[in-house]
Amino acid sequence: MFSTEIQIRVRYAETDQMGYVYYGNYATYFEVARVESLRNLGMSYKALEESGIMLPVLEYKCKYLKPAKYDDLLRIKVVIKSIPTVRIYFEYEVYNDANELLSVADTTLVFINAKTMRPCAAPALFLSSLEKYFKHNQ
Amino acid sequence: MFSTEIQIRVRYAETDQMGYVYYGNYATYFEVARVESLRNLGMSYKALEESGIMLPVLEYKCKYLKPAKYDDLLRIKVVIKSIPTVRIYFEYEVYNDANELLSVADTTLVFINAKTMRPCAAPALFLSSLEKYFKHNQ
Amino acid sequence: MFSTEIQIRVRYAETDQMGYVYYGNYATYFEVARVESLRNLGMSYKALEESGIMLPVLEYKCKYLKPAKYDDLLRIKVVIKSIPTVRIYFEYEVYNDANELLSVADTTLVFINAKTMRPCAAPALFLSSLEKYFKHNQ
Amino acid sequence: MFSTEIQIRVRYAETDQMGYVYYGNYATYFEVARVESLRNLGMSYKALEESGIMLPVLEYKCKYLKPAKYDDLLRIKVVIKSIPTVRIYFEYEVYNDANELLSVADTTLVFINAKTMRPCAAPALFLSSLEKYFKHNQ
């Protein structure tokens, strides 16, 4: 299992007139969380795309438990529980400064070969970066 | 069952560099779809909020089957399958101009009394507007 | 001079915790206003881009006089005062339902040949669509 | 004169199908730049708002010289050239990793008393935080 944490400061633009973060803006937080997770693993999502592999989202679920508010420094825990194949599955938990759990979410993404526009296996570099996190039970 | 359809034109701002609508922007489309559904029922979400009732989203799920693209005139089918209680549940289907199903989604929202910040029953006006759509099986 | 009007309903996503439309979201309204203006002239911005011409924004100015609010049905007046050359200049006025002037803005865009990535003249079709609006003073 | 710099990483959500940061998203970057500038001065925009003072934008101008791209780590230089009165004026320059100047912008904001909804003087704390940066010419 691979797990990491990133921080995001809530922007004014992301609030709505309820005084909370608009429910649609969490998806962007999870994008940042995924990308920074990969960077922590030594991988660049940008480089992945430049190498001809896209990683669109197939499925997204989010439960909103408590609202995030303006200027909150959110802590997002990201977990990859299984070695990716053609698909990669991320789980997320969002906490505020007071360590309250605000939301839980997950996304399923698929590796796509940009030339053929068909699903493809996760790149070797990607798998080798993750490998060591899945060996502890041997 | 109550069902209606609304149309939304994809904005340039809503695309990303993959050339598709960014996965996070569908949540806004579903907000518009909900609000226009209520307007078709003779209700105003704005008036609901001004009357002291908020309707935040508790849960959101979306499956992305095919991408929506810039300038697509999307058709969004909205369905309310059961009489709301403290919660209201919406289902959505998004189609493009070629009538391809692009995504399916659902949201659970909760009626909140803005003074007490506690869940409350759906307003009587709300229920009476929906009533006739749920009588056909009697 | 070419002048037209379009309508945009303010979305909840576009408000911020001040209860107003976030100042950054007007740029999207002006994008929609430009694109719908062109459509009223019989032109498609999408087709323009597909023909290999991009139209990025070079300069944008906006004065915020009064706030736009949630669910307002905004009326945006768009004016093209001069025949475009390599650049095209749009002016905008935003009014609410009560006919109050909320903001005034302008944008300068440049026609770019997507192959060479260099500025180019406005396409002939574009100019011929606009032509008749600039002949009345002859 | 007060001057500071902040960094912002471009999100995928902020790009458009041209492959650039959408022109409307810079306004959010400048909001973050303003807020982090104030934080560097020991002030919290959130606390300002909670104390009953709002700071809406009156005027915004942006020139787009070169495009910002996905995953760019932007460096935003923020300058306050004069002691604020009822209004405060910020200037911005955006640079990419290669130290290219991408855009220049400025905003005028006004201090508003949230109770009366009328303009008011900049708070004393605000002025005293800025004071020392404007004494070097004595």
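In this document, chain identifiers A, B, C and D correspond to the written order of the chains, with residue numbering beginning at 1 in each.
Everything below uses one rule, namely that a residue touches a chain if its C-beta (ideal position, glycine included) is under 8 Å from a C-beta of that chain, and two chains touch if they have at least 3 such contacts.
None of the values given here were measured: they were computed from a predicted structure.
Set against one another, A-C and A-B show the most C-beta pairs in contact at A-B.
By residue number, more than half of the contact pairs of A-D reappear in one of the listed pairs C-D, B-D or B-C, namely B-C.
Mean C-alpha positions place subunit B and subunit C at a centre distance of 28 Å.
Computed from the mean C-alpha positions, the centre of subunit A lies at a distance of 35 Å from the centre of subunit C.
Centroid to centroid, with C-alpha atoms defining each point, subunit A and subunit B lie 25 Å apart. Listed for subunit C are residues 12-13, 18, 20, 22, 24, 27-28, 31, 70, each touching two or more other chains.
Those residues of subunit D lying in contact with subunit B across their complex are 12-13, 15-20, 22, 24, 70. For subunit A in complex with subunit B, the touching residues are 18, 20, 22-28, 31, 54, 56-64, 67. Against subunit B, the residues of subunit C that register as touching in their complex are 9, 11-13, 27-28, 31-32, 35, 44-46, 49, 70-71.
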